[in-house]
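Two complexes follow with subunit A in common, the first pairing it with subunit B and the second with subunit C.
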Partner chain A sequence: MQAGIIDFLQSLADGVLFGTTYAIIGIGFTLIFGVMHKLNLSFAAASIGGAYLSLALLAVWRAPSLVLLATSAAGGAALGVLVFLSCFRFIRADNALAPLMATVGMLLLIDEAIAHLTAGVPLRYPALFPDVMLDVGPMMVRSDLLFVFAIGCVATSLLMWLLYRTRVGIATRAVAQRPVAAALCGIGIGRVNATTFALAGALGGVAGALTGTAVGVLSPLLTLPITVKGLIVTVIGGLGSIPGAILAGLLVGGFENIIQHFRGVSERDLHVMLLLFAFLVFRPGGLFAPPAGRD
Partner chain B sequence: MRKTALVLASALAGAVLSVAGAGAQERVVTIPGFGAKSGVLRVFGVNSEAAMKAAAEEINKAGGVTLGDGTKAKLQIEFLDDRCNPEEGISVVRRIASTNAFVAVGPTCSSVAESLFGILQKKVGDATDSGLQFPIISDVAAKGGLARISEWAFRNVPNESDMYKSLLTWIKAKHPELKTVFGGVEKDFAHSNATFGVMKKHASDLGYQLAGEAEWLLADTNFANQVRDMRRVSADIVAISAHPFTTCGVLREMARQKVAPKLMLGLTSSSSLETLQGCAAEAEGIIIPTAFAPVNAEAIKAAGLVAKMGGSADLHSAAAYEIMFILKDVIEAQKVMARADTVVEDRRKMRAGLAALKTTKGLLGPVGRTDEREAIKPFLFVHAKNNAWKVLHDPRS
Partner chain C sequence: MLAVSNLVTAYGNIEALRGVSIAAEAGKVTCLLGPNGAGKTTLMMTIAGILHPRAGSIRVADTEIAGKSSSDIVAAGIALVPENRLVFPQMNVKDNLLAGAYLRRDADGIVEDLDRITARFPILRQRADQDAGLLSGGEQQMLAVGRALMSRPKLLLMDEPSIGLAPKVVEEIFRIIADLNREGMTIFLVEQNVRMALKVAHKFHLIEQGRITFSGEPGALADDAVIRRAYLGSAPATG
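Now for the complex of A and B:
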């Protein structure tokens, strides 16, 4: 009985800690949706792309962990701007479907570019943090996942500060809330959108590096599951809600690990989809919306 | 001015005629290959293509292939991408079959082979079966018994059941103190799943106690639960039937949770460079049976040639290398004409020639052929040691 409880708690802890990466990816999705009211489905692929770019740096210089993390963030930001320019900037704002489909294309393009450059071979990603197990009573906690959790919290706090305490953040929120009024006040919509993509991309780059360090290798195999998890997190958290994305990321991480523990891997994703379905039916606005829904 | 133009025109006409003349003397036979050349399994296609090209170059250097009318032809490889997708694989082969090609080499994935062999005519000469009459010989798709699906399907892949039976028998004799096995499998991959069944069956037949098993998916990244189960039972042997990405994930988690079995076994496909690139330290000691290792002059030469073509020689691509020599022998023995008007007859001849083979030349030694169009390949046991795959034992010795 006691062993069962410990296993349950252990699965929950592992899942919640791993859910940090889902949360960060969810924030990226939600940030862009919040500002532009459009989904960028290539976000997770660009995030993993950023991590791959940091590996390119590692090929020429044995960079310290923080530099690697910063490079991944910069790579993610650059890819974010590229996605903005190719999938959003020159497409009419009232066309909702075209940018969505363009980002699907971009997702496949980035994925395939990685597969071609690496022949699909998984590449070792260096441990950014000490990879040891900490004994917490009868449980074990991965120290690297604790670091991932901490970095995730720091990155999210930085983002919140940027959004709520700086002029860039005010402009971003203004465009998100009333784009026409923001434009009339002299805020450059295009510039703010590009900045949002760069910001979200940088956060995605951090998530990519954290995923790489948590998994130990980078592979194009990562992009699709992370995209799906990111979208689920975004919907469960509430489209456009950053606190919702954080909470939903941790919730999905913990939930899927517990389901895996009790029902096995074959049923795991089925139950995560059921969770999503339940939210769509009973709380379509997500965790941080009134039960009636955001509309 | 007019004189200069006349001279230039004459020179050009001469050049064109000389090229046409050379073309008439030197025939080129295209051997199509197909497999995964995009997506996460791209490396398999890259390696197969490189191996086929390396072998074709060797054959061409030695004069090429002699066709039925006595003319010599050079071999040329055209490799198509099926993205490890059954529908795409069928489409690729239909495209190949609409050309003058009389045989094709592929595919990479067992799931593609399974569907693809299903569209071929099942029994030769069955007038009621309108299935495609086109010989295909597979180099990579490793799931057991696939060639049985059609008499037009052939394989040059090792028999994994024999490999794991031999490996477990050898382990039983060498380490009689090992009693229990824990198995882990990548559940959503046909090859891993089939091989896991093979591992379990032979372990059970040999009297090993199955202490438990864990499952995960090809794109999984978190293996904490599975390894915790592994740690709890503390089995003597851990057998992992998974490809490099998740094999490395599991091995890394095992290191974290300090799970150190007395012996580790891996999937044939993981005895590759990818595993060493991903987790050489954690994979140290893992034992895998393989049908290729650069252990003799011919195998070393083949590995070098494949590397020059931008690939890596492993048990799968080495099979593609061997297939090219098998095809050369069959083309010559069956007097294949390789002409547009003999395509149907050439395909029939190739099928008959491949079906008639009793042995072929392999890089590790003679390869037997079964009545079910499968190969009986020699194999070795290798283990990961100091960032390389080293031969641990040769069952033939």
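Now for the complex of A and C:
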């Protein structure tokens, strides 16, 4: 009995820590949705793409962990801007379906590009952090997961600082809330949108690298599950809410690991879908439904 | 200060402005009156660069601004207080004001203006850390005016600042307009509240169905005639 509880807590802790990556992906989805009121379905694929770019760097230079993370972030940001230019910038904003479908196309394109360039073989992703087991009372905590969590906290704090303490942040929130009034303040909406894609992409790149290091490999097969998890996190958190995405990411991470512990990996995603279903029925606005209201 | 000539703005095939010519003199309050759908807000949005004109010219202090982007127009010294205020509801009052200073790079000047504007509207200082969405209608209007002033405009456009406000608050808003003008601000005002507007205006224009149908000084037309045409238009309703 005692051992059962410890195993349970162990699964919960591992899951919540790994949930950091879901939280970051969720923040990316929610950030873009918050500013443009449009979904970017290629976001998770671009994030994994960013991580692949850091692997490309590794092929020529044995770079330290922080450089790999930064490269992945930069790659994610570049892909984010590319997605913005190809799927949003020149596509009429009043046609809601066109940019959405364009991002689906981009998701498949990034996926295919990765599959072709790597011959479809999963690539080993290096451990970015020292991988030791820490004794915490009766439990063991994987130090690399602690690092994943810490990096996630740092990245999120940076984002919050940027959004709430800088001129760029004021512009971003202004465009998200009232685009016409933002334009009347002299804020360039196109530029803010591009910046948002770059920012979200950088976060995504970080999440991609963290996923790679936590899982140990990168594979194009990761993109779809992460896309789905990211969307679930976004919906459970409340579309457009960053605190919601954080909480929902950790929640989904912990929840799926507990299910995996009790029911096995084959049933895991099924229960995550059930959790989503429960939210859609009983709390469709998510944990933090942002107030409606936009001109 | 502002000279609009033969301005045409259309939504698809429908011309909302059908050759509007209008002027606002420096240091004066110019008022535009007219019934709903006559094109008042379209004119304001076109001057501010949110809508792009199909033809015509808009000159501000001898610079052509027709068709330029809204940021260029703000940079040229024009600020619009939009209809329905459009404050950023989930942003605190201070950040709302700072958003108005977005194009400015003089950090000291911005702090100075923030001080000056919150001194003019003490309620904005009291509520500096509160979300703007929690303010009353009148307070939001003051915030929208303050936000526009933060760009240090030469010309202040105001689109129906009194709409939806209680009579006492409306008086307050018009007192603010008169104060600003006394301090030298050029104001171009769209209003539905004809009596109050004619009290502060040095000159007024009537717009009906996308055309200016009368221009003159208050008193040039009997007040009740202005009111009738401002609300109903002089031409029989079509369609």
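Simple rule for what comes next: the second predicted complex is superposed on the first by the 289 of 295 C-alpha atoms of A that agree within 3 Å, B and C clash if a C-alpha of one lies under 4 Å from a C-alpha of the other, contacts with A are read in each partner's own complex, and residues count from 1 in each chain.
Quick note on the criterion: a residue touches a chain if its C-beta (ideal position, glycine included) is under 8 Å from a C-beta of that chain, and two chains touch if they have at least 3 such contacts.
A quick note: this is a predicted structure, and the numbers were derived from the prediction, not measured.
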Combined model on subunit A where subunit B meets subunit C, clash or fit: fit
First, second, both or neither for A:213, with subunit B first and subunit C second: neither
Touch count on subunit A, higher of subunit B and subunit C: B
Which superposed partner A:30 touches (first subunit B, second subunit C, both, neither): neither
Subunit B versus subunit C as contact partner of A:71, first or second or both or neither: neither
Following superposition on chain A: angle at subunit A, subunit B versus subunit C, Cα, nearest 10°: 140
Partner chain(s) touched by A:174 [first = subunit B, second = subunit C, both, neither]: second
Which superposed partner A:188 touches (first subunit B, second subunit C, both, neither): second
Partner chain in contact with A:156 - subunit B first, subunit C second, else both or neither: neither
First, second, both or neither for A:112, with subunit B first and subunit C second: first
Subunit B versus subunit C - smallest C-alpha distance in the overlay, whole Å: 38
Common interface residues of subunit A - those touching subunit B in one complex and subunit C in the other: none
Subunit C-touching residues of subunit A, taken from the complex the two chains share: 167, 170-171, 173-174, 177-178, 180-188, 290-291, 293, 295
Subunit B-facing residues of subunit A, complex: 7, 10-11, 14-15, 18, 111-112, 115-116, 119-124, 131-133, 140, 142, 211, 214-217, 219-222, 224-225, 257, 260-261, 264-266
Subunit C residues within the subunit A interface of the complex: 48-50, 69-71, 74-75, 79-80, 82, 86-91, 95, 98-100, 102-103, 133, 147-148, 151
Residues on subunit B engaged by subunit A in the complex (per definition of touch): 38-43, 46, 187, 215-222, 224-226, 228, 244-245, 248-249, 252, 256-258, 273-274, 277-279
